[in-house]
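Order of writing sets the labels: A, B, C and D. Residues in every chain begin at 1.
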Amino acid sequence: MGHIEKMLRAHPEPAGSDGDTALACIKACFECAEVCTVCADACLAEPDMQHLVTCIRLNLDCADICAVTGRLFARPSPRDAETLQHQLEACARSCRSCGDECQKHAAQMAHCRICAEVCVRCAEACERMIGALVP
Amino acid sequence: MGHIEKMLRAHPEPAGSDGDTALACIKACFECAEVCTVCADACLAEPDMQHLVTCIRLNLDCADICAVTGRLFARPSPRDAETLQHQLEACARSCRSCGDECQKHAAQMAHCRICAEVCVRCAEACERMIGALVP
Amino acid sequence: MGHIEKMLRAHPEPAGSDGDTALACIKACFECAEVCTVCADACLAEPDMQHLVTCIRLNLDCADICAVTGRLFARPSPRDAETLQHQLEACARSCRSCGDECQKHAAQMAHCRICAEVCVRCAEACERMIGALVP
Amino acid sequence: MGHIEKMLRAHPEPAGSDGDTALACIKACFECAEVCTVCADACLAEPDMQHLVTCIRLNLDCADICAVTGRLFARPSPRDAETLQHQLEACARSCRSCGDECQKHAAQMAHCRICAEVCVRCAEACERMIGALVP
């Protein structure tokens, strides 16, 4: 069991029936934030990076949005559900558009290929979490 | 003219017809992020802070959401419009719920009164920006 | 191999001889940022949280400092070494003081016990990274 | 009087004799975080941006470091002084190296010229704050 999982179990306000979905979403968001941060830096270091500008921009936005979304869900106490839902929609959408852009360069650059996979997985985790919030 | 405004004018991709709306939104988001950060710390320093727990939680979330929303709009190059729209909706909603909670304590604590005002103004700025994005 | 590790290997500017130390530091910083975020929220949810105010404050600071430190090292391209060194010192020190405070409550609250462990490990990872930067 | 100033005055733990120095530091850090964020995006939008890669990297780091430093000082309750000192040193140094790099392009690009000025001012504000912390 990872540390985040242990922490959420030790939290005095236990997670509801959507605890597993939330845990998966938190992990996916933090992972995607980290991977997009590396991908932006890796794109900037490519010899021919002029055609990667859109990718860098989307990576930077996606890293910021995923980091804040992960952070919100790492605070499991009761919160404003509507805010969380909009934030998940922003995060899912950001991961989709970043993932689509990275996918275009997946054959040429391993960092974009890995980033595209992680973005898609994060989008799916956010979409499942939206489904859990809005019954 | 403030530094953000000068920077946006010096940006090689000039803002479109919604430039003033975007500038107002950026300023409001950064200001609200700062004010909510102080308010959370001020609530934690109140002698009887047990009844301020909800306020602290909403302040922390609102500070994070406003900071990332301000950051996204401080990057004026072309981006994914749908992501920006969802992020603005998250930010407007977060400001409304934080502002409502702070308003409950406005008569007792000046920091909550000021924070409530700043939150409402930021919500309005985000809502106007949503209107500019979605014609 | 985790995603961060794969991403760093796919980066066009390969890590130097301190690559393993840097990877451990990145992982420890992101983990500590997440765990401190949960711990602050868990402390706020404790029935008798008035005596946890110092712990909450240090958790919030440590979460922010670890998040930015992890982010800087997740950008492996050449950077200003002196900036990185000061940032590592801030992070190591923040983890030490947050870990010390959490340790005081470790017997009563599992979230503080886990957080104390994670903070110490992150401090050690940062200190090793300082040693790698400053030969 | 700006909102941050009003908030700090409304805080239940009044600032000490270094209150004005701290306020100037907070404002400078948040302003520099915003300006560096715009500058990174503006550099990415320049037609010949290959030679601006170092500038973009330093802008991104400086934006993150300034944002977290501003945030720490926007929480005026008692904290770990040694952590704050290291963080200020990281911030001052980051502003110096980003400002030096931006200055190289100041004649060609107004955004780099403004950013260089703002970075120097933030470095000075952080250095004064270090002087106030360490008597």
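Everything below uses one rule, namely that contacts are C-beta pairs under 8 Å (C-beta built on N, C-alpha and C of every residue); 3 or more make two chains touch, one makes a residue touch a chain.
Because the structure is predicted, anything quoted here is derived from the model rather than measured.
Distance between Cα centroids is largest for the pairing of chain A with D.
Between A-C and A-B, more C-beta contact pairs are found at A-C. Averaging Cα coordinates per chain places chain A and chain D 28 Å apart.
Averaged C-alpha coordinates put the centre of chain A at 22 Å from the centre of chain B. Touching two or more other chains at once are residues 40-41, 44-45, 57, 60, 67, 71, 75, 77 of chain A.
Touching chain A in their complex are the following residues of chain B: 57-58, 60-61, 64-65, 67-68, 71-72, 75, 77, 79-80, 82-83, 86-87, 89-90, 93-94, 97.
Those residues of chain B whose C-beta lies close enough to touch chain D in the complex are 3-4, 6-13, 26, 30-31, 34-35, 37-42, 44-47, 63, 67, 70-71, 74-77, 109-111, 114-115, 118.
Of all residues in chain D, those touching chain A in their complex are 40-41, 44-45, 49-50, 53, 56-57, 60.
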